Amino acid sequence: MLDATPQDQTEALLEVNNIEVIYNHVILVLKGVSLQVPKGGITALLGGNGAGKTTTLKAVSNLLKSERGEVTKGNIVYRGERVQDMSPADLVRKGVIQVMEGRHCFEHLTVEDNLLTGAYTRTDGRAEIARDLEMVYNYFPRLKERRKSQAGYTSGGEQQMVAMGRALMSRPETILLDEPSMGLAPQLVEQIFEIVKAVNEGEGVTFLLAEQNTNVALRYAHYGYIMESGRIVMDGPAAALRENPDVKEFYLGMSDEGRKSFRDVRSYRRRKRWLA
Amino acid sequence: MPDQLLFALEVTANGLMAGVMYSLVALGFVLIFKASGIFNYSQGVLALFAALTLVGIQEGQVPFAHLINAVTGLHVTEFGWKVPALLAILLTALVMVGLAIIIEKLVLKHLVNQEPIILFMATIGMAYFLEGFGDVMWGADIKTLDVGLPQGINETLESVTDKALGYGFFVDNLDIVATVVAVMLVTALTLFSQYSKQGRALRAVADDHQAALSVGISLRFIWVLVWSIAGFVALVAGIMWGSKSGVQFSLSLIALKALPVLMLGGFTSIPGAIVGGLIIGVGEKLFEFFAGPLIGGATENWFAYVLALVFLVFRPQGLFGEKIIERV
Amino acid sequence: MNDMTDGYMTADGRKIGGVVMELKNITLKFGGVTAISDISFDIREGEIRAIIGPNGAGKSSMLNVISGFYIPTEGEVWYRGARRPQMRPYKVAQMGIARTFQNIALFDGMSVLDNIMTGRLTKMKKGLFAQAGWWFTGAAKEEDEHRAKVEKIIDFLEIQNIRKTPVGRLPYGLKKRVELARALAAEPSILLLDEPMAGMNVEEKEDMCRFILDVNDEFGTTTVLIEHDMGVVMDLSDRVVVMDYGRKIGDGPPDEVRNNQDVIDAYLGVAHD
Amino acid sequence: ELVVPNLSYRTGPYAANGIPYADGFADYMTLLNERDGGIGGEKVVVPECETAYNTEKGVECYEATKSDGALVYNPLSTGITYQLIPKVTADHHVLYTPGYGRTSAANGKVFEWVFNYPANYWDGASIIVKYLAEKAGGSLSGKKIALVYHNSAYGKEPIRTLEELAKKEGYELELLPVDHPGQEQKSQWLQIRRNKPDYVIMYGWGVMNQVAIQEAVNIKYPMENFVGIWWSGSENDVAPAGDKANGYTTISFHGTGADYPVYDDMKKFVIDAGKGAGAGDQVGTMLYSRGMYAAMIISEAIRTAQTMHGAAAVSPEQVRDGFENLNLTEERLTELGLPGFAQPITATCADHGGPGSGMLFSWDAAGKKWNAASDWIQSDGELIDALVAEDSAAFAAETNTAERCN
Amino acid sequence: MFYREAGDFKTSYRLDSQTFPIKFDRLRFYAVLAIAYGVIPFFVNDYWASAVLVPFLIYSIAAIGLNVLVGYAGQVSLGTGGFMAVGAYAVYKLMTAFPEVSVFIHVLLAGGITAVVGVLFGLPSLRIKGFYLAVATLAAQFFLVWLFNKVPWFYNYSASGQINAPDRTVFGVFVTGAQTSATAKYLFCLVMLTIVALIARNLTRGTIGRKWMAIRDMDIAAEIIGVNPLTTKISAFAVSSFFVGIAGALFFAVYLGAAEVGEAFGIQKSFLILFMVIIGGLGSIFGSFAGAAFLVLLPVLLKNVLVGTLGWPTDLAAHIELMIVGALIVIFLIAEPHGLAQLWRVAKEKLRLWPFPH
C-alpha cells in the first residue's frame, strides 16, 4: 500500500551522519550510524535486542546526556541545522518529540494531566488544546475512562497509550517512536499504526520509529533501516525489505514454507549475523 | 477556668505560632521536593545566606571585605551608606534569583536523572559551600536584623484575655506577623502549583526527569523558577528567624526543626507544611509542658521527630503527601 | 479438590496432570475500579496456561493475585487441594511460585549473575553468622553449589557473555531473558510469565519460546503465560483464558478460543490463523 | 621563641563568640611583641589553629602544634579541655582554662598541668547567688530561682552547686534545660512567665543567649533580675534585643571596656599599625577583654617562669612552675596598664583555682556598654572547695593519680 | 598491559568470585596490607596517629557500617551519630563495670549492644521508606543523644556528664587512656577495621548481601521472589549498627579519650559519615575506605596548605575550606554520581582496555 517514495526525491528532514555513541566514557554502543528521515515519511529502524535503536533515537532527541552517554563523533542535522548541542526542550519546540521506550509516564499525575503535559510547549490557547485532548480520547477511548486515575496505577498497555497520546498532544512535526507496539493487544497494535498512518497522512507528521514488530512496521513504513550491534547493516524501501529473504527469515519468521510454528523451533538454528 | 487549663491553652497558642515559624522553613523544602524530587538539605543555609545578604545590604557592608583585606592588605569594611529595609529585601530577592540561576548552571544541570540520594548529597555539598561562602562574603560575626517587624508581647491580646479569663495570654507579635505571612505564602503557592501550567510541569519533573525532558519541559527553567521561589521563601524565613535570634551560623540549623514538620505534613504538600508545623508546634510544646518536668526537660528536639515517626507508621507518606505508588 | 488425578493428553502427546491451582470467584477492586470481577479458572500440573485479553483487562492483576501481592477483594485461591490462606508474597514464593514482571523488575544495581542468584535465595539456608564466616562455616561451599546450578541456567539461556554485566546496562530484550533466568533459578513448580516476549523480534521470540517449552518439557514446570502475540499463544499454550475488562469471556484450548466470537470481538479483531 | 598556640574558633556555631576572644588573645600577644619585643626579650609566637568548637579538630590542632614546643593551651571549649587533660598530662604541656573547662582542675594536687584560675563555673554560681541575696535584701529564703542552661556538660556544671546553695540559702531552684543550639525557647520562657521566679540565672552559649534575652524581653521579665554567667554576657548577646535588654546583668572575672591605659599602647602598636588580629571592631568588648585577660595571665606566668629559672626560653615544665607561682598583684596590673582589670592571684602548687571572685555588670543599652553593678564578690569557698575535693578525688581514683604538693 | 584478565583463567567458581579477580589487583591488595601492618606501625607518630590515621580507620569502620545499611540495603539513615554514641556509652559502662575483661571484648560487646538498639530503631523501616525514613532515623539520633545526656547512670554520675576512657590494655599494651602509644592506637584500630571489613565483605558477597541489594533495588519485586522484607531490613540494621557501634566505641575509647554525647556524637557526625559513604560510593566496601580517607584527609590537607603554606588567617581558611569541600563534593557527584569507587572501576575498565580507548 504505502510504498516508498525513493529516498532522494524528498528532502531529508533529519539526517544522522556517522555518529558514534559512548556510554559512561567506556562503552561504545553506536559505531558509526547514518540515516536519513525524509519529510513526511515513516521511517522504521529495525533490529534485535541491543542493536542500538533506542540509543540512536535518544541521540537524536538529545536525551543521552541524562544517561551519561554522549555523541562523540558525527553529527545530527535537523532541517539543515545542527541540533546535537540543543536542549531536549528546544528540540521539542522545534517540533521533534520522542515517545520513550518503557512508557515513562508521570506516575503521580492523572492520566489527563499526563496528556496535558504534552501540550506544555504549546501556545495556541486552551481551546485548541482541549480539542486535541478530545482527539486523543477518540483514538484511545480507554484513556477517557481512566482519565482521573493516577498513571502509576494504570495497566502497562494503558501507560503505552498515555505515552503516545502525550506526544500527539504537542502537535509535533516529527515523532520519534520507540517500540510503540510493545505490550499492546494485537487489535491495538494495528490501531496504533493506523493512528500513525492517519497522523502521517492527515497532518504530515514525520515518523522515525524503532520497532521489534518487523512485520507491522514494514507494512506501514516507507523506508527501513536494519541495525545490528551498533551499525546499520541494511536499508531500503520497506517493500524491498519485506521481500528480502534474510529479512523474511530472521525478522518476519517466515521461511519458504510460510510461517513456522513457534513450537517447532526446538533446536539450535542458524543465526544470521551481518558482518559490518 | 482552672489555671492549669489556662496555661495549657497559652502553651497551645504559642505552639501554634512556633509551628508556623517551622512551617516557613518547611515550605522551602516542599517546593523544591515537589518540583524536582530533590530533598534540599541546603534550605536552612539558604535562609542564613538570605538573611546575611539582607543585613549586609542594609548596613552597606562591603562584600568579601575580609578576603579583600587579607589578600590586598587594604582595610575596607563598609560603604558608609544604609539601604532602606524594603529596598534591601528587594535586592536580596534578586540575589536569591541570581543564586538560583547559578545553582542550576553549575550543579543541577549536570545531575539530571540521577537518583534522589545523589541529588540530596549534592545539596549537602551546596550547603557546605554556601555556608563558607556566606561567611567569606559577609563575615561570621553575629548580626542584628531589623526590618521593622514588631516584636514582644501583644498587649491587646493580653488585656483582652486578662479581662475575659483572668489571665493575660502571651503571644509574640513577631509570631503573629509570621502567621499572616505564612498564610499568604501558602495560599499563593498552593494556587500556583495546583492551577498553573508550570505547576503541573513541576510535578511532572519530580516524577521523571527524562520523560519531562522528552515532552519539552525545560528542566533549567523549572529549576531556576522553583529555586528562586524557594530562595524567596528562605528569605522570608530568614527574616523571621533572624529578627528573633540575630543572624549567624546557627540560623542554618533551623532546618532541623523543619524536617519533622515536613515528614508529618508530607514532602509534597504545601498545605501539609502548615498543618504539619501546627501539629508539631503544639505537640512539642504541650509535651514539654506536661511531660518535660517529669523526665528532665529539653525534650523538644527529639519529641518532634518521634511524633512525626508515629504518624508515619500509620501514614507512610505523611498526612497530605502523595501516596507512594507500589506496583509491579 | 476432586480431580487431582485425572488429566488429559495434549495434541503432541504430553501428559497433563491434575489441577494444581484453582482460582475461585476472584474479584479485585481498587477503590472504584474493578480490575477483576468474579473470575474462576484452574491450572493443571505441567500445562502451559495462557491468559490473554485487551490492555487493562486485569491479566497482570491476576498474576499479582496468584503471587500474593494483591489480596483479592473476594474469592479464594486453592493450591494443591487446599485453600491457600492469605499470605505475604515471599511466603508464596517459598511455596514454589516464581514469576517475571511486565515492567521488568530486575535489581539494577547488581550484575546478571547476582540477579539470577537471587532466584535461589529461597533455597539457600546459611544464616547470618555462617555468612560472616564464609570459608570456615560452609557458606562459601553453599554458594558454589548454587552457583553451579545457576551456571546451568545461564548456559541454557545463552547469556554466558553478559554474566558479570550490571543489568542496568542491558538492552530490553536481554533483561527479559535475565528475568526468566531468575525465575527459573528458583526451580519453581509454577512459573508465571507476564509478557515475556514483549519488545522482541521474531528471532528472539523463537528463542524465548524454545526456552519455555524446554523448561516445561524437561522439568514439567507448570507455566502461566500472559502474552499479546497471538502466534506465540496459539502455538505454545495448552489452554487459554480470555479476559475482558475484568470478566472472563473464554476458556479452553487455543483452537476453540480462537474461534469464539466474543473473543474475536473483544480482543483479536480479526480471526488469526 | 615562646610558642603559645591559639586554638580558636572563628567559624561554626559559636564563631560570633570565638572571634572577639581570639582577637583579644592575639592582640595582647602582638602588643607584647611589638612594644616589648616579647616576654623577657623572647618573642611570642601565636600559631592560630581553627577548631570550630569541634573536639576532633581540637585534638588535631593540639597534635599539630605540640611538637613545635608549645607551652600553654587555651582552647576555650569545655569539650576540648576534657580531651586535652589526659593528653597534656602525658605530654607535659600546661592547659590554662580561665572560667571554663573542668572545674575540679582547681585542685593542683590532682591536676598537675591544668590551671583554671581566677574562677570557675561553681564560683560563678556561688557569686551570682551571693549577689542576688544581697539584692533581695540579705536573704533568698522563700525565693524562687530558675536556671536556664545549655543542655550540655557545660550548662549542667552549676546545678550541683546551686542545689547545695539552695539548701543553705533556702531558695527554690527550677531547672530549665535548653538544647543546642537553642533557637526555640518558647516553652522555657512561658514556664518562667507562669511560675514567675524571682530571679533567672543563665548558663548559655552562642545563639541561646540572644534568644533567651529576647524572650525575656518579650515576656517582660525584669532584666535586672536576669543574671548570666560570664559566657552569657557579651555585647553579641544583648544586641539583638536592643534597648529592651537594658539592665541585663552578667558576671565577669575581669573588667571590660576600652578605657584601660593599656589600650593606648594597643591602639598605637597593634590596631593602628594594622597588626590587629580581626577586623578591629571588637576591641574592648567583653569577650575581647576575656581573651586579653587569658593572654595577660599566660604572659605573666611565663614571665614568672623566666625569673624563677633565669632563662628567657622557658620549657613547658618551667612554665608550669610559673603558673604555680604566679603572684599577680594590684601593682603589677597597674604596671601593665590594667588597673582594677582583674583581682589579684596568688597561685600555689595545690591551688590552681585562684581566688574565685567576680563582679557583676549590667548592660547599659543607651551607652552600649557594661556598667559595673557590684564590687568584686568572693564565692562561697567552703562549699566549693568541698565539691572540688570530691570531684578531683574521684578523678584521681579513676586514673590512679597520686596526690602531689604534700 | 599487565592489567588483564586474559590468560588469568579461573578453574572454579570460588576463584571466579574472589574479591580481586585480577592478579595485579590481588598483589596490590597484599602490598597494602603488608604496608599497613608491617611498615606504618614503625613510623607512626602522635600527629599522624591522632590527626589522620586513627580517625581514618575508625571512620572507615563507621562508613562500612553505614554503607551496609544505605549502600547495600538502601535504607537511608541519619542516626549514625546516635548509634555511635550507643557504642561509646556501652563500652564506657563495660570498661568501668568489668575492668578485668579485655577491651577487645568490650568493644565487640558494645557493637552487639548497638546492634540491638539499631534493630529497635530499624523497625519502622518496614513501613517508612526513602527520605521519610531518613528523617525518621533522626528521631533515633536526637532521642539517643538526649537520653545519654539526661540519665546520669550512663555517665556514672560524673559532675559534668563527660565520660572519660580509663586506661585499659590488650596483651599488656595500653590501648586506651593517656599512656597509649600512637602505634598501639593505630594497630588496635587497624585490627578492628580488618575484622570488620572482612565480615562486611563476606556478608555482602553472599546470600544476605543479595537480599539486601534486592530490597534496595526494588523492594516489592524482592518480596515477590521470596525475600522476607522484615528479616532482611532488620538484619541490615543489626549488622550496620554492630559496625557503627564498634566505631563509636573506638572513637570514644581510643581516639578521643573523653567525650560528651551532644558534641562528639551529634547530628553532624551522622551527616559526615553519610558523606563518606556517598562520596566513596554506595554499595562498595572499597568506597567506604575511599570516602573516609577523602573526608579525613582533605580538611587536614587544606588547612595545612591554606594556613601553613599560604599563611591565610585561620577563619578565612576555614571558610574557604568549607567552600572547597562543598564544591568538591558537588564536583565529584557530577563527575561520577556513584562515588570514588565507581571512578576507580571506570579507571580500571579503561586500564583493562588500554591502550585502546574503548
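Order as written gives the chain letters A, B, C, D and E; numbering starts at 1 within each chain.
Keep this in mind: a residue touches a chain if its C-beta (ideal position, glycine included) is under 8 Å from a C-beta of that chain, and two chains touch if they have at least 3 such contacts.
Please read all numbers here as calculations on a predicted model, not as lab measurements.
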Other chains in touch with both chain C and chain D: B, E
Winner on C-beta contact pairs when B-C is weighed against C-E: C-E
Farthest chain (mean CA position) relative to chain B: C
Inter-centroid spacing, chain D versus chain A (mean Cα positions, whole Å): 75
Rounded Å distance between chain B and chain D, as computed from the means of their C-alpha atoms: 35
Computed distance of Cα centres, chain E from chain A, in Å: 47
Whole-Å gap between the CA centroids of chain B and chain E: 32
Multi-partner residues of chain D (at least 2 other chains): 10-11, 15, 19, 151, 179
Set of chain A residues in contact with two or more other chains: 27, 153
Per-residue multi-chain contacts in chain E, two or more chains: 146, 149, 220-221, 224, 313, 315, 318-319, 322
Pairs of chains, among all present, that meet the touch criterion: A-B, A-C, A-E, B-C, B-D, B-E, C-E, D-E
For the chain A and chain B complex, residues of the former touching the latter: 61, 63, 65-67, 87-93, 97-100, 104-109, 113-114, 116-118, 120-121, 150, 152-153, 166-167, 170
Residue numbers on chain D that touch chain E, as the complex places them: 8, 10-11, 15, 19, 48-50, 52, 54-56, 59-60, 62-64, 66-67, 78-79, 82-83, 85-87, 89-90, 102-104, 151-154, 156-157, 160, 179-180, 387, 391, 394-395, 398-400
Contact set on chain E toward chain C in their complex: 12-14, 17, 199, 202-203, 205-211, 213-214, 216-218, 220-229, 235, 239, 283
Interfacial residue positions of chain D with respect to chain B in the complex: 10-13, 15-16, 19, 151, 175-179, 181-184, 186-187, 190-191, 193-194, 206-207, 210-211, 214, 217-220, 236, 239-240, 242, 244, 274, 279, 281
Chain E residues within the chain D interface of the complex: 46-47, 50-51, 55, 146, 149, 158-162, 164, 166-167, 177-179, 255-260, 262-264, 266, 268, 300, 303, 307, 313-315, 317-319, 322
